[in-house]
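Note that the chains take the letters A, B and C in the order they are written out, and that residue 1 is the start of every chain.
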Amino acid sequence: MEDMSQYPLELTGADVPMVRFMNVTKRYGALTVLDDLSLDVAEGEMVTIIGPSGSGKTTVLRMLMTLETINGGVIYVDGKPLTHMPKNGVLVPADAKYLRRARSSIGMCFQHFNLFPHMTALQNCMEGPVQVLGLSKREARERSEELLEMVGMIDKKDQHPSRLSGGQQQRVAIARALAMRPKVMLFDEVTSALDPEVIGEVTNVIRRLVSEHNLTMLMVTHQMGFARDISDRICFFYGGKIEEQGPPDDLFGNPRRDRTKQFLSAVKEAD
Amino acid sequence: MSYPEFLAEYGGRYIDGALITAAQFILAAALAIVMALIMGLLKLSSNPIAKGVAVVYIEFFRGTSLLVQLFWLFYVLPLFGLTFDKFTTGFVAVGLNLGAYGAELVRGAIQSVPKGQWEASYALSMSPAAQMRRIILPQAFVAMLPPWGNLIIELLKGTALVALIAVSDLMFEARQINGSTYLSAQAFGTALIIYYIFARFLITPFMRWLERVMARRLGRG
Amino acid sequence: MQWSWEFTYEIMPRMLWATLNTLMAAGIGYAIAVVLGLVLALAQRTPYRGLTLVVREVVEFIRSTPLVLQIFFVYYVGPQYGLNLSPWVAGMIAIGLHYASYLSEVYRGGIESVAKGQWEACTALNMTPMKTYFRVIIPQALPPSVAGMGNYLVGIVKDTPMLSVIGVAELMHAANAIGGQNYRYLEPYTIVGVVFLMISLPSAGLIRAFEAWVRRKLGMR
């Protein structure tokens, strides 16, 4: 059993990070996917996670969205524990009710969009605001149309996902996530399932988000050029650990670790 | 009367009834399998008459209720001079009825075998009969075993209706015992449990075993 | 034995009335099954392992034992403990429960066919489990369930003759009574068969059309 008293009930001080992974471990049976991970993401920061498949990079996002439970450590969001809740002065694993409240500041976009096929683009965007946040239909519609406008999908707002291309679906999915007004946005390989010619329309939306909004973002991607352009920091994952991290120009231009160099040159060759 | 006393008193009759049910089940299943194979193949035939026979058989027996068919065979056929004893009438009705459902499974399974298998066996100059027997049917058989597992359970349940034409099967005994003791929970409950044991601990494990054996034979185990 | 049209005309009004009862019995039974089946399906998806296992076993039990025996059980066991159920009430409970167990399997299959990403999207939108089921999962589980639900609707119609054993005045009951009074079974039993055939023959096409309509209505494909 882990000694939970080492973890504060709340993060305090001048520079509380928006997201903090503290000694987080994730195992599937005997396989350790993430090993004692510690990672801070500051408010408004854009952090991109790269690494070979199986390095645990997607798991980082899925744990933060509470789609995966963790086997050790604590994740904090905005100073408050996410995976745990305080009880009698120590942290215990969060129950469903606490999790629901805690994760409300996080939004996520998926590799396969996961739009609701029985709802139009607009209905997809309105679903969360109406059903979860309790907004009126009118407010939710205004908010959703504004966001669909931003992602360039307002013309298609009454189409069902089956009538949209992959790039269009992903843009709607971004609008849907933003409609919940999250403080942290997670992008999990959002361009991996797209045809090459439509990748740009999705990355452009994300570029705009980075430049115009002060969102905290975590992204997993294979688009190295895109990651280099827009990220404040790159984390290179290898074998469930952060092998190397730093500003994009440093990490891409002057990688220090051998594994980073190998990975980057292998990726470059594949391009 | 406690339940152990009830069982001591009437257990023998439940065993007799269960044996009749088992006999009805086996005979009806054999008939259903034969009918399903013949009619399933006929339905795929390009000969319109053969196909028509299969369609009429399948639609008729699936479309009218088993109980109706059973009573028709039992009460109406003798009026045309065709008399079978009730035991035969029972399993024939159940077998013909479930055979119609089975025929659709046979047809579906044969159609699910990829077209390339026909073409490959054709390319080896096999006769159509040999293609069907050596190449297509073995693969179709594996594909249709899981739905046949459900159908065979339906067939077991169907045999309970033969009690209504006075075949002294498990359900018949349960009704008789209920009529003389008024211990309905025990009388019908015991029969329900015996049917459940048949279905869950004899038939289902057997079908699973058959699925495994057949899959292994096809090298998919 | 000759078919008598005169006798057919004579008994037709009574048979048609009984047909209405048959349709009503099937309708009520199905309504119970649709709702209860959903409860049984969702109960098997709760995180409480004990509940899941018990419900699973109950569903298996109901599915693998004969409906006609269950009808007897429900009808006769009540009075043994001082609870008298009318034939209609007992029949509706038995047939509704039986088909609820079938439909729960249909729903389960439908729910399992919904992509895992849909659940994850609901988590990402912070939806409650209730909203997740009723707004996202169940609407998508519907189209793949429609065929199974339709088949069981036809199935329940064809199983209503079993209700005659406890005296529910549906078609089979009327046919038995007419046959017994007039010593003529040919016409009444044949009419019963024809009525069921007229219901079940167009059903396959109707179910397919309805499934396509549901998909269109939900904007899926």
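Following the convention adopted for this analysis, contacts are C-beta pairs under 8 Å (C-beta built on N, C-alpha and C of every residue); 3 or more make two chains touch, one makes a residue touch a chain.
What you see is a predicted model, and the numbers here were worked out from it, not measured in a lab.
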Common touching chains of chain C and chain B: none
Highest-count interface - the chain pair sharing the most C-beta contacts: B-C
Of all other chains, the one whose Cα centre sits farthest from chain C: A
Averaged-CA centre spacing for the pair chain C and chain B, given as whole angstrom: 21
Chain A and chain B: spacing of chain centres that average the CA atoms, whole Å: 55
Separation of chain A from chain C, taking each centre as the mean of its C-alpha atoms, in whole Å: 46
Shared-contact residues (touching 2 or more other chains) in chain A: none
Multi-partner residues of chain C (at least 2 other chains): none
Chain C-touching residues of chain A, taken from the complex the two chains share: 65-67, 96, 100, 103-104, 106-108, 110, 112-120, 127-128, 131-132, 160, 162, 176-177, 180
In the complex, chain C residues that touch chain A: 115, 117-118, 120-121, 123-129, 131, 135-136, 139-140, 218-221
Chain B - residues contacting chain C, complex: 59-60, 62-69, 71-72, 75-76, 79-80, 153, 156-161, 163-164, 171, 174-175, 178, 182-185, 187-189, 191-192, 195-196, 199-200, 204
In the complex, chain C residues that touch chain B: 1, 60-61, 63-70, 72-73, 76-77, 79-81, 158-159, 161-162, 164-165, 172, 175-176, 179, 185-186, 189-190, 192-194, 196-197, 200-201
